[in-house]
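Paired with chain B in one complex and with chain C in the other, chain A is shared by the two complexes that follow.
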Partner chain A sequence: MTSTVTVNPTAAKAAISGLTLRYLVLAGLIVLASVGFSLANENFYSLVNIGILLRSIAVLFLVSMGMTFVMLTGGIDLSVGSNVAFAGGVGVITLTTTGSAPLGFLTAILAGMAIGTINGIFIGRLKLSAFMVTLATFALARGLALVIYDATSINVSDPTFLWLGGTSWGNIPVVIPFVFCVFVALSVLLYRTPFGRNVYAAGANFNTAFVLGRRPERSVVWIYALSGALAGLSAIVTVGRVSSGQPWSGLYLEFDAITAVILGGTSLFGGRGRLLGTILGVLLYGIIINGLVLTGTNPYLQSLIKGMILLGVVLLDSWTQRGKAA
Partner chain B sequence: MNNRIDMKGIGKSFFATRALDNVDFSSVAGEVHALVGLNGAGKSTLMKVLGGVIQRDQGVIELNGQPIEIAAPVDATKHGVAMIHQEYSLINELTVADNIFLGRELFIGGTPFLNKREMARRVRAQLDRFGLDLDPASPVRDLNSGEKQIVEIIRALMSDSWLIVMDEPTSALSEEDKERLFGFIRRMKAEGVAIIYISHHMPEIFGIAEQVTVMRDGKIVLSERTSNTTEAAVIKTMTGTELDDFVKPVKTISDDVLLDVRGLTHAHAYQDVSFDLRRGEILVLTGLRGCGAPELAKAIFGLTSGYEGTISYRGTTLRPGRGPAAAVRDGMGMVTENRDKNGIMAALSVRDNIALPFLEKATRGGLINAAKVEAVVAKAIRETSTKTSSPDQEIRFLSGGNKQKICFSRWLDEDLELLILLEPTRGIDVHAKADIYRIIEELATRGVGVLILSYEIDEVIMLADRVITLYQGRSVASYSHPDFDKDKMLADMAGANLPAAAHA
Partner chain C sequence: MNIGKILRERNIIVVTLVCCVIFFLISPRFLSVDNMSAISRQIVPIGLIALGQFFVIVSGNIDLSMGMASVFFAVLLGVFFGLTGGVGIGLLAVVVASLTMGGLIGVLVAKLKLPAFIVTLSALFMAQGLSGLVIPRGQQIFLMGGFFQFAGSQKIFGIYLSFLFLIGLCAAAYVVYNHTRIGAAIIAIGNSEENAKLAGINVDRVKIGIFMFSGLCSGFAGIMLSTRMGFVQPGLDGNGLLLDAIAAIIIGGTLIQGGRGTIGGALWGIAFIGIVNNALNLLNVEDVWHQVFKGVVILAALGVNWLLWQSKQSEAH
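Up next is the complex of A and B:
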């Protein structure tokens, strides 16, 4: 914990002279944190533990990448955690009723996308506040999940359905290369396609993007749909990991994702940030949380520490932002 | 007492850019000191140092011989320095009156309650002097750029400062408002106020300034009494080369009508306006603030609906409010009047800001062809001599004039057919202006129809093939090159020649 406090000045300088320096600082912190935790607990550095760590944050990777798209537009998606539960429910019910795993995958992703599209239409087309709309769907999707599951979890044993979240190749969980593939695909989408440029344009100045004929209102719908689809994907991974579908899965996921994205240098005001930063943010955040568990920190303190990390990062960003405004 | 302020040996760097290099600059009560130079020369940076908006790296600032510390805008205010910023510094969410009295609010008696009525009264009195029919209680967000500029000016005028810095105060003003501003400046000068005046318009400067200082690449290259120098000499020292003046080429324009506007009417903005624009023609609409031309342009670009009358483009009637995406697809481009609101994307790079409208064309198999984008961007930067450290630089770090150049250069594409320009050369220096006029002529020669709104009568006359004067949303008269009658045009704009109800 002390480490995050003492590095503030360094990180502040980093943001001023561009994202690259911030990534270097993040990478440095990741090394620092893992060395620190491995000194405190020799188990930390074991290959087994790294596998466990990566698997435990696989879902956070996926959701945070979607959140990065959303936050690049200056928006926020509070519904992702509930959406994971809802989409998982739809997938699991489809699986149990039809017995078809591919159909279960498909419906899970479509269900996640549906919630995302609803968000997108209200935010992009009807110009409502992203915070309010996704706060509503946050409650709505959780409610739907509870209804679908009838408030109890459902065990899943279909090996195909569990493969993505549950299988390991040696010490490497299958989901890790999968996350990497998603990262590459989303990077291509964000940096190499007109859609990706439109994401930045919509966030940097919606009016200008509109006048330049970039249809930001349409981009925003697709961006929230993407975030929802990634929540659906995360639902599949989550079910695979615990071999059951649970109505309360994905709790606080939106909090973790937002923190990781901001930690990764994406601006709260839109238009600025990269996927790589989010990956580093998730890693650092995951290591800190996981390390606290391994070193036997009082679990009640975890939430406190998470809150402090978020507050610290937001404070830091507003300082550097003010430095830039001059 | 005769106040004076002296800035000595001021230096400022932004990373590798040396924006100010050992600059000496003084301002004396009762005088107008003009500061000129190319876009990106460092004028605004110098004034931001004086206003406490940015911190200098080297140098001292002295008030009447005593060094003073200006670490924040509030220090500048304390020493009696007010600023009219080039980029509007008004708070959009507040009302006109709140903005003007921000930080100097009036209270009822000794109570902590705001005297809203008195503030509104005083603001209205000032607005009246500008002939601006505006409710002091309306939010600044809804104002157009000329109105914002006037509010910004009024705020400085009402601040009881002895030194007022005006960074391109006339860039969005119509001829009439400019004259009013000059009237204020002359009166304040007589009252012992010092004014630092930044502008790219030589006649303005030689009309009101006692002293003129030229900056180039962050250094002072000339400082002289205006009575001892000439416009040509000043323009020459800006670059070190003669001005390559724009001369309108002779050309014949086809009869191919590109845009046909018939009986266009919209509640308060414009009434029964008709004109056509042929391919290769440069048509300039001109008038005073409130003449309706910006609103007309927006209707043509598909931004507004709810008008009566028809707009046909390439022979087909456009659906009202069809949206800019359709307009861009059909080969239209537009430079808007409010650069910060809907012209630039501040957080994005120069590259993104230029390339966005082209992206689909630079795409192969769904992926952007980076080399192609790079070529387009490099060309746009080169042709308009935009000063940027690299295409990766965020556009918000560019000087005002250079931002404007990008708003223009992003449309220079082969498929362009109709270019709509609202105040295209706003804030652009004299040398680059000539370049932009040349580019516009080249476009026209290639067959692009160009529709321009300009408030600057000299620009109108220099650039237009045809001029339509507007008064309060009605077209007054139409003039064709070279039969331009400047005095008559000015009279048209002022409403003297109504009701001619002339149609093009």
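Up next is the complex of A and C:
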């Protein structure tokens, strides 16, 4: 938050090549991780498994892209996992009461956006710390999800509602091209619109952005609303994938998303990062997690490894940043 | 002091007392000695976590790991109890492990300038993983015998020993916070790290100390958790404890931007959470509503604190 908004051209060039280097390293690690797990489990490389893998991390892709916007402003959104359960609950209940899948889609996304907007108002307008506000909505959204579902899951059979998360074209799940479309749309939003420039400005230096009339407080509200809307979208995919709405879906999803985004090179302090990095980060992280599940690793060991990955990446980042500053 | 000022500065006391009256009118059993005594025992782990968290938040940070860490420490105590049949080594291990963990978090936050919420978020997951790894999967360890009986249910003058421990620790914290240079240093860091540094405060050392204390509080909370439950298992709801503790701190009027808060307020916040948790059970409110309620309470308290702070700022100008 302390760096200046004006960017000196050579520094910008260095930063881009730094990011390119990071993307190359990530791509290398993705190859390495997949080779490693394919040696451990011969099913890993089958086309079917790649389809399953991509489908299982589709939600992580969506949520992490929203998280990238949030973290570009120097914020954090701990509520997305709970929000997926809550928005899914609203969507499923709407579907079962009205029988209309489009209405279910709409209410799911609006419900996700509602939680996101609450976050945005508290963080952007009231200037309260993001982790505290989203910790409250983390509890609130999970609680609401439990209330909506009455703590049990609801089976869904409506083919339209399940289409996005459940259908495949051959070996390719429908959701993969869909995620790609969202990626393109969000890239346009981030790199080609004034809104996108405001995102970077708000993250690089909130006060300067304010003085320049970029209305960072307003951008922040919209960014959290966007993150919430993507959680709503993820809810639809989640329900489609398992053919039921579950009150505990999306548990710890926010943690996975934060790790993937940091892995993808987005700065914890805002203002620096790209969506492409997040895509690579999700791929690598997803392959690792998926591999751990496939090899039957103890879930508690998985938790430990996840925690160590996050801390390791953050440590590595701070170490390389330090090297650059010296 | 006019009524407006009382409402503004002592709002948590008013709210807590009003809640007590309402709960009493709905269910007269609420104010019985037995129930009050039960509440005093229930809030001990939450209270310990809240006390540790208080200093972290006043210094402008957060420790998200405290809930899961206390579950891990409870399990650790249980494992040592299972191995040795005694508690001495287990208690020592918990104290050493909790201080070490807090110290490590403190070093990462203070020396490497990593954001506390990320460091403690990864610590949360590591603690959760470790608590399941030190104990065979799906198992519980039952804790019986002298110490657990003593620490869990012994009373002095009708008051639970564990509650007296919490009060004693709060009293010590009160003295440190209000009457020593360490307390002043914590507040200074919460207000502005740069200014604290300019004033000659060893910011890094104070920060590491704060996280060591919050780690120790997690350790104590874990011990108290194990004595109250009578068994330990890795699946205990650590995050629920953390949320309750943070709610207590915010309700107690601590400014989450850092730099302001009182131990007395935190104690009232702890009391409020204890009373509400108890009343929700006593009034047979369905479990699913508890979390909704907590989320709303935290958001509302954040909003109210913000409004009060805002009005104070405009008064000052």
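Just so it is clear, the second predicted complex is superposed on the first by the 306 of 326 C-alpha atoms of A that agree within 3 Å, B and C clash if a C-alpha of one lies under 4 Å from a C-alpha of the other, contacts with A are read in each partner's own complex, and residues count from 1 in each chain.
Keep this in mind: a residue touches a chain if its C-beta (ideal position, glycine included) is under 8 Å from a C-beta of that chain, and two chains touch if they have at least 3 such contacts.
Since we're looking at a predicted model, the values are computed, not measured.
Visitor: Aligned on chain A, chain B and chain C: do they clash or fit?
Guide: Overlaying the two complexes on chain A (C-alpha atoms) leaves chain C and chain B clashing.
Visitor: Looking only at contacts as defined up top, I'd like to know whether chain B or chain C touches more of chain A.
Guide: Counted on chain A, the partner with more touching residues turns out to be C.
Visitor: Is A:137 touching anything from chain B or chain C once the two structures are fitted on A? First, second, both or neither.
Guide: second
Visitor: Quick one: classify A:201 as touching chain B (first), chain C (second), both or neither.
Guide: first
Visitor: With the two complexes superposed on chain A, say which partner A:22 touches: chain B (first), chain C (second), both, or neither.
Guide: neither
Visitor: Quick check for you: in the superposed arrangement, does A:151 touch first (chain B), second (chain C), both or neither?
Guide: Second partner only, chain C.
Visitor: In the superposed arrangement, does A:122 touch chain B (first), chain C (second), both or neither?
Guide: Only chain C is touched by A:122; chain B is not.
Visitor: Should A:302 be classified as contacting the first partner (chain B), the second (chain C), both, or neither?
Guide: second
Visitor: Applying the document's definition of touch, where does A:241 land relative to chain B and chain C: first, second, both, or neither?
Guide: neither
Visitor: Among 4-12, 58-66, 94-102 or 166-174, which stretch of chain B shows C-alpha clashes with chain C in the combined arrangement?
Guide: That would be 94-102, the one stretch with clashes.
Visitor: Can you pull the chain A residues that chain B and chain C both touch?
Guide: Of chain A, residues 269 contact chain B in one complex and chain C in the other.
Visitor: Looking at the complex, which residues from chain C come into contact with chain A?
Guide: Spelled out, the residues of chain C in touch with chain A are 62, 64, 108, 112-115, 117-119, 121-133, 137, 234, 243, 246, 250, 256-257, 287-296, 298-299, 302-303, 306.
Visitor: Show which residues of chain A lie in contact with chain C when the two form their complex.
Guide: Chain A residues touching chain C: 76, 118, 122, 126, 128-129, 131-133, 135-144, 146-147, 150-151, 255, 258, 262, 268-269, 298-308, 310-311, 314-315, 318.
Visitor: Which residues, counting only chain B, touch chain A once they are in their complex?
Guide: So the residues of chain B touching chain A come out as 15, 53-55, 301, 303, 323-329, 334, 336, 341-348, 352, 355-357, 359-360, 363, 366-368, 410.
Visitor: Which part of chain A faces chain B closely enough to touch in the complex?
Guide: Against chain B, chain A makes touches at 17, 188, 192-194, 197, 200-201, 203-205, 207-215, 267, 269-272, 326.
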